[in-house]
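Chain IDs A, B, C and D follow the sequence of writing; residue 1 opens each chain.
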Amino acid sequence: MHHLLSEMQSCIETCQTCHITCLQMAATHCLEMGDAHAEPQHMRLMLDCAQICATAADFMARGSAHHTHICRECAEICRACAASCDALEGMEECAAICRRCAESCDAMANEMA
Amino acid sequence: MHHLLSEMQSCIETCQTCHITCLQMAATHCLEMGDAHAEPQHMRLMLDCAQICATAADFMARGSAHHTHICRECAEICRACAASCDALEGMEECAAICRRCAESCDAMANEMA
Amino acid sequence: MHHLLSEMQSCIETCQTCHITCLQMAATHCLEMGDAHAEPQHMRLMLDCAQICATAADFMARGSAHHTHICRECAEICRACAASCDALEGMEECAAICRRCAESCDAMANEMA
Amino acid sequence: MHHLLSEMQSCIETCQTCHITCLQMAATHCLEMGDAHAEPQHMRLMLDCAQICATAADFMARGSAHHTHICRECAEICRACAASCDALEGMEECAAICRRCAESCDAMANEMA
(Lines give C-alpha, C1' and ligand atoms only; values in the text may rest on other atoms or scores of the structure.)
Protein backbone atom coordinates (compact mmCIF):
# COMPACT_ATOMS: atom_id res chain seq x y z
CA MET A 1 0.00 0.00 0.00
CA HIS A 2 2.76 2.41 0.95
CA HIS A 3 4.65 1.31 -2.13
CA LEU A 4 1.54 2.06 -4.15
CA LEU A 5 1.05 5.50 -2.65
CA SER A 6 4.63 6.53 -3.30
CA GLU A 7 4.34 5.25 -6.87
CA MET A 8 1.18 7.32 -7.33
CA GLN A 9 2.86 10.40 -5.88
CA SER A 10 5.68 9.93 -8.36
CA CYS A 11 3.19 9.52 -11.23
CA ILE A 12 1.41 12.74 -10.20
CA GLU A 13 4.72 14.63 -10.31
CA THR A 14 5.64 13.17 -13.69
CA CYS A 15 2.23 14.15 -15.09
CA GLN A 16 2.69 17.68 -13.79
CA THR A 17 6.15 17.92 -15.36
CA CYS A 18 4.81 16.59 -18.66
CA HIS A 19 1.87 19.01 -18.53
CA ILE A 20 4.04 22.10 -18.07
CA THR A 21 6.71 20.96 -20.54
CA CYS A 22 4.19 20.37 -23.34
CA LEU A 23 2.39 23.66 -22.67
CA GLN A 24 5.64 25.62 -22.47
CA MET A 25 7.11 24.06 -25.62
CA ALA A 26 3.88 24.52 -27.58
CA ALA A 27 3.47 28.17 -26.63
CA THR A 28 7.11 29.14 -27.03
CA HIS A 29 9.45 26.89 -29.06
CA CYS A 30 6.83 25.48 -31.47
CA LEU A 31 5.07 28.76 -32.26
CA GLU A 32 8.43 30.57 -32.56
CA MET A 33 9.84 27.94 -34.94
CA GLY A 34 6.68 27.91 -37.05
CA ASP A 35 6.29 25.60 -40.09
CA ALA A 36 6.11 21.92 -39.07
CA HIS A 37 6.43 22.87 -35.40
CA ALA A 38 3.22 24.95 -35.62
CA GLU A 39 1.32 22.49 -37.78
CA PRO A 40 -2.26 22.08 -36.42
CA GLN A 41 -2.03 18.33 -35.76
CA HIS A 42 1.21 18.65 -33.76
CA MET A 43 0.02 21.67 -31.78
CA ARG A 44 -3.29 19.98 -30.94
CA LEU A 45 -1.46 16.91 -29.67
CA MET A 46 0.78 19.09 -27.51
CA LEU A 47 -2.26 20.81 -26.00
CA ASP A 48 -4.14 17.49 -25.67
CA CYS A 49 -1.16 16.00 -23.87
CA ALA A 50 -0.81 18.99 -21.54
CA GLN A 51 -4.49 18.79 -20.61
CA ILE A 52 -4.83 15.02 -20.10
CA CYS A 53 -1.67 15.04 -17.95
CA ALA A 54 -3.15 17.74 -15.70
CA THR A 55 -6.44 15.82 -15.57
CA ALA A 56 -4.70 12.54 -14.67
CA ALA A 57 -2.69 14.26 -11.91
CA ASP A 58 -5.87 15.76 -10.46
CA PHE A 59 -7.80 12.46 -10.53
CA MET A 60 -4.96 10.75 -8.66
CA ALA A 61 -4.69 13.62 -6.17
CA ARG A 62 -8.41 13.35 -5.39
CA GLY A 63 -8.03 9.62 -4.80
CA SER A 64 -10.64 9.13 -7.51
CA ALA A 65 -11.83 5.62 -8.34
CA HIS A 66 -11.81 6.57 -12.04
CA HIS A 67 -8.12 7.45 -12.25
CA THR A 68 -7.10 4.17 -13.90
CA HIS A 69 -9.02 4.86 -17.13
CA ILE A 70 -7.75 8.42 -17.20
CA CYS A 71 -4.17 7.18 -16.69
CA ARG A 72 -4.55 4.66 -19.52
CA GLU A 73 -5.80 7.39 -21.87
CA CYS A 74 -3.04 9.71 -20.67
CA ALA A 75 -0.41 7.09 -21.52
CA GLU A 76 -1.83 6.71 -25.03
CA ILE A 77 -1.86 10.45 -25.73
CA CYS A 78 1.64 10.87 -24.26
CA ARG A 79 2.97 8.21 -26.66
CA ALA A 80 1.31 9.90 -29.64
CA CYS A 81 2.76 13.25 -28.54
CA ALA A 82 6.25 11.76 -28.13
CA ALA A 83 6.08 10.34 -31.66
CA SER A 84 4.99 13.71 -33.01
CA CYS A 85 7.90 15.42 -31.18
CA ASP A 86 10.40 12.88 -32.57
CA ALA A 87 9.90 14.30 -36.05
CA LEU A 88 10.80 17.84 -34.97
CA GLU A 89 14.03 19.61 -34.10
CA GLY A 90 14.71 20.60 -30.50
CA MET A 91 11.87 18.52 -29.04
CA GLU A 92 14.02 15.70 -27.62
CA GLU A 93 13.45 16.68 -24.00
CA CYS A 94 9.71 16.97 -24.54
CA ALA A 95 9.56 13.56 -26.24
CA ALA A 96 11.55 12.03 -23.36
CA ILE A 97 9.26 13.36 -20.63
CA CYS A 98 6.19 12.24 -22.64
CA ARG A 99 7.61 8.70 -22.83
CA ARG A 100 8.46 8.70 -19.14
CA CYS A 101 4.94 9.88 -18.33
CA ALA A 102 3.39 7.19 -20.57
CA GLU A 103 5.32 4.48 -18.70
CA SER A 104 4.36 5.85 -15.32
CA CYS A 105 0.66 6.15 -16.25
CA ASP A 106 0.64 2.65 -17.75
CA ALA A 107 2.02 1.28 -14.48
CA MET A 108 -0.70 3.08 -12.50
CA ALA A 109 -3.44 1.83 -14.82
CA ASN A 110 -2.24 -1.77 -14.60
CA GLU A 111 -1.40 -1.96 -10.90
CA MET A 112 -4.84 -0.69 -9.91
CA ALA A 113 -6.77 -2.78 -12.42
CA MET B 1 -20.43 16.15 -42.00
CA HIS B 2 -22.50 19.23 -41.20
CA HIS B 3 -24.81 17.03 -39.18
CA LEU B 4 -21.78 15.73 -37.31
CA LEU B 5 -20.42 19.19 -36.60
CA SER B 6 -23.71 20.45 -35.23
CA GLU B 7 -23.97 17.35 -33.05
CA MET B 8 -20.48 17.97 -31.73
CA GLN B 9 -21.28 21.61 -31.03
CA SER B 10 -24.30 20.48 -29.07
CA CYS B 11 -22.20 17.93 -27.14
CA ILE B 12 -19.66 20.63 -26.27
CA GLU B 13 -22.44 22.81 -24.85
CA THR B 14 -23.92 19.94 -22.86
CA CYS B 15 -20.49 19.12 -21.41
CA GLN B 16 -20.03 22.75 -20.41
CA THR B 17 -23.45 22.84 -18.72
CA CYS B 18 -22.70 19.58 -16.90
CA HIS B 19 -19.26 20.89 -15.84
CA ILE B 20 -20.63 24.07 -14.29
CA THR B 21 -23.66 22.38 -12.71
CA CYS B 22 -21.57 19.72 -10.96
CA LEU B 23 -19.01 22.27 -9.75
CA GLN B 24 -21.70 24.68 -8.56
CA MET B 25 -23.72 22.00 -6.76
CA ALA B 26 -20.62 20.48 -5.14
CA ALA B 27 -19.30 23.80 -3.84
CA THR B 28 -22.65 25.17 -2.70
CA HIS B 29 -25.59 22.77 -2.16
CA CYS B 30 -23.55 19.67 -1.20
CA LEU B 31 -21.15 21.40 1.20
CA GLU B 32 -23.99 23.42 2.73
CA MET B 33 -26.17 20.33 3.27
CA GLY B 34 -23.25 18.35 4.74
CA ASP B 35 -23.64 14.70 5.86
CA ALA B 36 -24.22 12.35 2.91
CA HIS B 37 -24.04 15.28 0.48
CA ALA B 38 -20.48 16.06 1.61
CA GLU B 39 -19.36 12.44 1.82
CA PRO B 40 -15.87 12.07 0.20
CA GLN B 41 -16.93 9.56 -2.47
CA HIS B 42 -19.84 11.71 -3.66
CA MET B 43 -17.85 14.95 -3.65
CA ARG B 44 -14.94 13.33 -5.54
CA LEU B 45 -17.35 12.07 -8.20
CA MET B 46 -18.86 15.54 -8.56
CA LEU B 47 -15.39 17.06 -9.02
CA ASP B 48 -14.31 14.20 -11.33
CA CYS B 49 -17.42 14.76 -13.43
CA ALA B 50 -16.90 18.53 -13.58
CA GLN B 51 -13.30 18.04 -14.74
CA ILE B 52 -13.81 15.30 -17.34
CA CYS B 53 -16.71 17.29 -18.86
CA ALA B 54 -14.49 20.35 -19.24
CA THR B 55 -11.73 18.16 -20.70
CA ALA B 56 -14.11 16.51 -23.18
CA ALA B 57 -15.45 19.89 -24.30
CA ASP B 58 -11.91 21.18 -24.86
CA PHE B 59 -10.81 18.09 -26.83
CA MET B 60 -13.83 18.49 -29.12
CA ALA B 61 -13.23 22.24 -29.48
CA ARG B 62 -9.62 21.61 -30.56
CA GLY B 63 -10.81 19.10 -33.15
CA SER B 64 -8.59 16.56 -31.42
CA ALA B 65 -8.32 13.05 -32.85
CA HIS B 66 -8.39 11.67 -29.29
CA HIS B 67 -11.77 13.10 -28.33
CA THR B 68 -13.66 9.81 -28.80
CA HIS B 69 -11.86 8.05 -25.93
CA ILE B 70 -12.28 11.11 -23.72
CA CYS B 71 -16.01 11.25 -24.59
CA ARG B 72 -16.43 7.56 -23.74
CA GLU B 73 -14.75 8.06 -20.36
CA CYS B 74 -16.81 11.22 -19.79
CA ALA B 75 -20.05 9.27 -20.41
CA GLU B 76 -19.02 6.64 -17.88
CA ILE B 77 -18.18 9.15 -15.15
CA CYS B 78 -21.37 11.15 -15.86
CA ARG B 79 -23.43 7.99 -15.32
CA ALA B 80 -21.66 7.22 -12.04
CA CYS B 81 -22.21 10.83 -10.91
CA ALA B 82 -25.91 10.69 -11.83
CA ALA B 83 -26.34 7.50 -9.79
CA SER B 84 -24.59 9.13 -6.82
CA CYS B 85 -26.89 12.19 -7.12
CA ASP B 86 -30.01 9.98 -7.27
CA ALA B 87 -29.47 8.98 -3.64
CA LEU B 88 -29.43 12.59 -2.42
CA GLU B 89 -32.08 15.24 -1.88
CA GLY B 90 -32.25 18.23 -4.20
CA MET B 91 -29.86 16.77 -6.80
CA GLU B 92 -32.50 15.88 -9.43
CA GLU B 93 -31.45 18.61 -11.86
CA CYS B 94 -27.78 17.65 -11.52
CA ALA B 95 -28.56 13.95 -12.10
CA ALA B 96 -30.63 14.87 -15.17
CA ILE B 97 -27.91 16.94 -16.82
CA CYS B 98 -25.33 14.21 -16.05
CA ARG B 99 -27.54 11.65 -17.82
CA ARG B 100 -28.10 13.97 -20.77
CA CYS B 101 -24.34 14.53 -21.02
CA ALA B 102 -23.63 10.79 -20.84
CA GLU B 103 -25.99 10.17 -23.78
CA SER B 104 -24.49 12.99 -25.82
CA CYS B 105 -20.91 11.82 -25.17
CA ASP B 106 -21.80 8.20 -25.95
CA ALA B 107 -23.21 9.32 -29.30
CA MET B 108 -20.02 11.25 -30.09
CA ALA B 109 -17.82 8.31 -29.12
CA ASN B 110 -19.79 5.88 -31.28
CA GLU B 111 -20.39 8.06 -34.34
CA MET B 112 -16.69 8.81 -34.68
CA ALA B 113 -15.46 5.30 -33.96
CA MET C 1 -30.17 39.57 -4.89
CA HIS C 2 -32.16 37.59 -7.46
CA HIS C 3 -31.19 40.18 -10.07
CA LEU C 4 -27.57 39.67 -9.04
CA LEU C 5 -27.74 35.89 -9.24
CA SER C 6 -29.28 35.92 -12.70
CA GLU C 7 -26.63 38.39 -13.85
CA MET C 8 -23.91 36.09 -12.49
CA GLN C 9 -25.46 33.08 -14.20
CA SER C 10 -25.42 35.01 -17.47
CA CYS C 11 -21.77 36.02 -16.91
CA ILE C 12 -20.83 32.38 -16.27
CA GLU C 13 -22.41 31.36 -19.58
CA THR C 14 -20.71 34.18 -21.47
CA CYS C 15 -17.35 33.18 -19.98
CA GLN C 16 -17.93 29.57 -21.05
CA THR C 17 -18.83 30.64 -24.59
CA CYS C 18 -15.75 32.88 -24.76
CA HIS C 19 -13.55 30.06 -23.39
CA ILE C 20 -14.64 27.54 -26.00
CA THR C 21 -14.64 30.04 -28.88
CA CYS C 22 -11.06 31.17 -28.19
CA LEU C 23 -9.81 27.61 -27.76
CA GLN C 24 -11.61 26.40 -30.89
CA MET C 25 -10.42 29.30 -33.04
CA ALA C 26 -6.83 29.03 -31.78
CA ALA C 27 -6.58 25.29 -32.40
CA THR C 28 -8.36 25.29 -35.77
CA HIS C 29 -8.69 28.57 -37.71
CA CYS C 30 -5.52 30.28 -36.40
CA LEU C 31 -3.19 27.28 -36.77
CA GLU C 32 -4.69 26.42 -40.17
CA MET C 33 -4.28 29.99 -41.48
CA GLY C 34 -0.72 30.23 -40.15
CA ASP C 35 1.40 33.41 -40.53
CA ALA C 36 0.03 36.29 -38.43
CA HIS C 37 -2.78 34.06 -37.13
CA ALA C 38 -0.23 31.64 -35.62
CA GLU C 39 2.13 34.33 -34.35
CA PRO C 40 3.21 33.48 -30.75
CA GLN C 41 1.84 36.64 -29.12
CA HIS C 42 -1.62 36.20 -30.67
CA MET C 43 -1.82 32.47 -29.92
CA ARG C 44 -0.71 33.02 -26.30
CA LEU C 45 -3.42 35.66 -25.85
CA MET C 46 -6.03 33.29 -27.26
CA LEU C 47 -4.95 30.55 -24.83
CA ASP C 48 -4.69 33.04 -21.94
CA CYS C 49 -8.20 34.27 -22.70
CA ALA C 50 -9.60 30.73 -22.93
CA GLN C 51 -8.07 29.83 -19.55
CA ILE C 52 -8.98 32.97 -17.59
CA CYS C 53 -12.57 32.72 -18.87
CA ALA C 54 -12.84 29.13 -17.61
CA THR C 55 -11.28 30.16 -14.30
CA ALA C 56 -13.67 33.09 -13.88
CA ALA C 57 -16.68 30.88 -14.63
CA ASP C 58 -15.51 28.33 -12.05
CA PHE C 59 -14.90 30.95 -9.34
CA MET C 60 -18.43 32.31 -9.87
CA ALA C 61 -19.93 28.80 -9.88
CA ARG C 62 -18.26 28.03 -6.55
CA GLY C 63 -19.67 31.23 -5.08
CA SER C 64 -16.09 32.22 -4.31
CA ALA C 65 -15.42 35.47 -2.47
CA HIS C 66 -12.43 36.07 -4.77
CA HIS C 67 -14.38 36.09 -8.02
CA THR C 68 -14.39 39.88 -8.38
CA HIS C 69 -10.62 40.13 -8.85
CA ILE C 70 -10.66 37.21 -11.25
CA CYS C 71 -13.51 38.82 -13.23
CA ARG C 72 -11.61 42.13 -13.43
CA GLU C 73 -8.52 40.32 -14.76
CA CYS C 74 -10.69 38.32 -17.15
CA ALA C 75 -12.19 41.52 -18.57
CA GLU C 76 -8.73 42.96 -19.17
CA ILE C 77 -7.43 39.87 -20.97
CA CYS C 78 -10.64 39.59 -23.04
CA ARG C 79 -10.15 43.18 -24.25
CA ALA C 80 -6.52 42.47 -25.19
CA CYS C 81 -7.61 39.34 -27.03
CA ALA C 82 -10.36 41.19 -28.89
CA ALA C 83 -7.86 43.82 -30.03
CA SER C 84 -5.50 41.08 -31.23
CA CYS C 85 -8.35 39.43 -33.15
CA ASP C 86 -9.34 42.74 -34.78
CA ALA C 87 -6.12 42.72 -36.77
CA LEU C 88 -6.80 39.28 -38.28
CA GLU C 89 -9.12 37.97 -40.96
CA GLY C 90 -12.08 35.82 -39.99
CA MET C 91 -11.84 36.57 -36.27
CA GLU C 92 -14.81 38.97 -36.05
CA GLU C 93 -17.03 36.56 -34.13
CA CYS C 94 -14.23 35.77 -31.68
CA ALA C 95 -13.51 39.48 -31.12
CA ALA C 96 -17.23 40.12 -30.54
CA ILE C 97 -17.64 37.43 -27.91
CA CYS C 98 -14.42 38.60 -26.17
CA ARG C 99 -15.85 42.15 -25.97
CA ARG C 100 -19.18 40.88 -24.69
CA CYS C 101 -17.38 38.80 -22.06
CA ALA C 102 -15.25 41.79 -21.00
CA GLU C 103 -18.39 43.88 -20.45
CA SER C 104 -20.10 41.14 -18.50
CA CYS C 105 -17.05 40.52 -16.28
CA ASP C 106 -16.57 44.24 -15.68
CA ALA C 107 -20.17 44.48 -14.49
CA MET C 108 -19.66 41.54 -12.10
CA ALA C 109 -16.43 43.05 -10.73
CA ASN C 110 -18.04 46.44 -10.13
CA GLU C 111 -21.41 45.34 -8.76
CA MET C 112 -19.79 43.12 -6.14
CA ALA C 113 -17.07 45.60 -5.15
CA MET D 1 17.60 37.43 -17.48
CA HIS D 2 18.87 33.94 -16.71
CA HIS D 3 18.32 34.68 -13.02
CA LEU D 4 14.78 35.74 -13.88
CA LEU D 5 14.05 32.62 -15.91
CA SER D 6 15.28 30.30 -13.18
CA GLU D 7 13.18 32.21 -10.64
CA MET D 8 10.13 31.80 -12.87
CA GLN D 9 10.81 28.09 -13.31
CA SER D 10 10.97 27.76 -9.54
CA CYS D 11 7.71 29.71 -9.15
CA ILE D 12 6.00 27.43 -11.69
CA GLU D 13 7.05 24.37 -9.69
CA THR D 14 5.92 25.88 -6.41
CA CYS D 15 2.52 26.74 -7.95
CA GLN D 16 2.18 23.15 -9.19
CA THR D 17 3.05 21.75 -5.75
CA CYS D 18 0.56 24.12 -4.10
CA HIS D 19 -2.12 23.20 -6.66
CA ILE D 20 -1.84 19.47 -6.08
CA THR D 21 -1.48 19.78 -2.28
CA CYS D 22 -4.64 21.90 -1.92
CA LEU D 23 -6.64 19.64 -4.24
CA GLN D 24 -5.42 16.47 -2.52
CA MET D 25 -6.05 17.79 1.00
CA ALA D 26 -9.50 19.13 0.09
CA ALA D 27 -10.66 15.90 -1.55
CA THR D 28 -9.17 13.55 1.07
CA HIS D 29 -8.25 14.93 4.53
CA CYS D 30 -10.83 17.75 4.67
CA LEU D 31 -13.81 15.73 3.42
CA GLU D 32 -12.82 12.75 5.59
CA MET D 33 -12.49 14.90 8.72
CA GLY D 34 -15.79 16.69 8.05
CA ASP D 35 -17.12 19.45 10.34
CA ALA D 36 -14.98 22.60 10.18
CA HIS D 37 -12.66 20.95 7.64
CA ALA D 38 -15.59 20.51 5.21
CA GLU D 39 -17.14 23.91 5.89
CA PRO D 40 -18.14 25.54 2.55
CA GLN D 41 -15.96 28.63 2.93
CA HIS D 42 -12.81 26.60 3.69
CA MET D 43 -13.44 24.07 0.91
CA ARG D 44 -14.10 26.83 -1.65
CA LEU D 45 -10.83 28.53 -0.70
CA MET D 46 -8.96 25.24 -1.10
CA LEU D 47 -10.45 24.75 -4.58
CA ASP D 48 -9.92 28.43 -5.47
CA CYS D 49 -6.29 28.14 -4.42
CA ALA D 50 -5.76 24.91 -6.37
CA GLN D 51 -7.21 26.50 -9.53
CA ILE D 52 -5.46 29.88 -9.41
CA CYS D 53 -2.11 28.11 -8.76
CA ALA D 54 -2.60 25.95 -11.87
CA THR D 55 -3.64 29.03 -13.86
CA ALA D 56 -0.60 31.03 -12.70
CA ALA D 57 1.75 28.15 -13.58
CA ASP D 58 0.23 27.90 -17.06
CA PHE D 59 0.44 31.66 -17.73
CA MET D 60 4.14 31.61 -16.77
CA ALA D 61 4.77 28.50 -18.88
CA ARG D 62 3.24 30.19 -21.93
CA GLY D 63 5.45 33.22 -21.39
CA SER D 64 2.26 35.26 -21.19
CA ALA D 65 2.49 39.03 -20.77
CA HIS D 66 -0.43 38.86 -18.33
CA HIS D 67 1.22 36.56 -15.81
CA THR D 68 2.10 39.33 -13.35
CA HIS D 69 -1.55 40.14 -12.52
CA ILE D 70 -2.37 36.44 -12.25
CA CYS D 71 0.63 35.92 -9.91
CA ARG D 72 -0.47 38.84 -7.72
CA GLU D 73 -3.99 37.38 -7.44
CA CYS D 74 -2.53 33.93 -6.81
CA ALA D 75 -0.44 35.29 -3.92
CA GLU D 76 -3.52 36.88 -2.35
CA ILE D 77 -5.61 33.71 -2.56
CA CYS D 78 -2.71 31.57 -1.27
CA ARG D 79 -2.45 33.80 1.81
CA ALA D 80 -6.20 33.55 2.46
CA CYS D 81 -6.01 29.77 2.06
CA ALA D 82 -3.04 29.52 4.45
CA ALA D 83 -4.95 31.51 7.08
CA SER D 84 -7.96 29.24 6.66
CA CYS D 85 -5.72 26.15 7.06
CA ASP D 86 -4.11 27.58 10.21
CA ALA D 87 -7.40 27.17 12.08
CA LEU D 88 -7.65 23.46 11.26
CA GLU D 89 -5.89 20.37 12.55
CA GLY D 90 -3.45 18.53 10.29
CA MET D 91 -3.23 21.32 7.70
CA GLU D 92 0.22 22.64 8.69
CA GLU D 93 1.96 21.34 5.56
CA CYS D 94 -0.75 22.77 3.32
CA ALA D 95 -0.56 26.18 5.05
CA ALA D 96 3.24 26.15 4.67
CA ILE D 97 3.21 25.45 0.92
CA CYS D 98 0.49 28.12 0.44
CA ARG D 99 2.71 30.69 2.20
CA ARG D 100 5.75 29.65 0.17
CA CYS D 101 3.72 29.96 -3.02
CA ALA D 102 2.42 33.40 -2.01
CA GLU D 103 5.99 34.64 -1.50
CA SER D 104 7.16 33.20 -4.80
CA CYS D 105 4.21 34.70 -6.73
CA ASP D 106 4.66 38.09 -5.04
CA ALA D 107 8.30 38.10 -6.14
CA MET D 108 7.29 37.30 -9.74
CA ALA D 109 4.62 40.01 -9.75
CA ASN D 110 7.01 42.65 -8.42
CA GLU D 111 10.13 41.78 -10.39
CA MET D 112 8.25 41.94 -13.69
CA ALA D 113 6.26 45.10 -12.85
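By definition in this document, contacts are C-beta pairs under 8 Å (C-beta built on N, C-alpha and C of every residue); 3 or more make two chains touch, one makes a residue touch a chain.
The structure presented is a predicted model; accordingly, all values stated were derived computationally and were not measured.
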Chain pair with the higher count of C-beta pairs in contact (B-C, A-C): B-C
Angular offset of chain C relative to chain D [C-alpha, multiple of 5 degrees]: 180
CA centroid of chain B to CA centroid of chain C, Å: 22
Whole-Å gap between the CA centroids of chain A and chain C: 27
Residue list for chain D, restricted to those that touch at least two other chains: 27-28, 40, 44, 47, 58, 62-64
Interface residues, chain A side, partner chain C - complex: 27-28, 31-32, 34, 38-40, 43-44, 47
Touching residues on chain C, where the partner in the complex is chain B: 12, 16, 20, 23-24, 27-28, 54, 57-58, 61-64
Residues of chain B that touch chain A when the two form their complex: 40-41, 44-45, 47-48, 51-52, 55, 58-59, 62-66, 69-70, 73, 76-77, 80
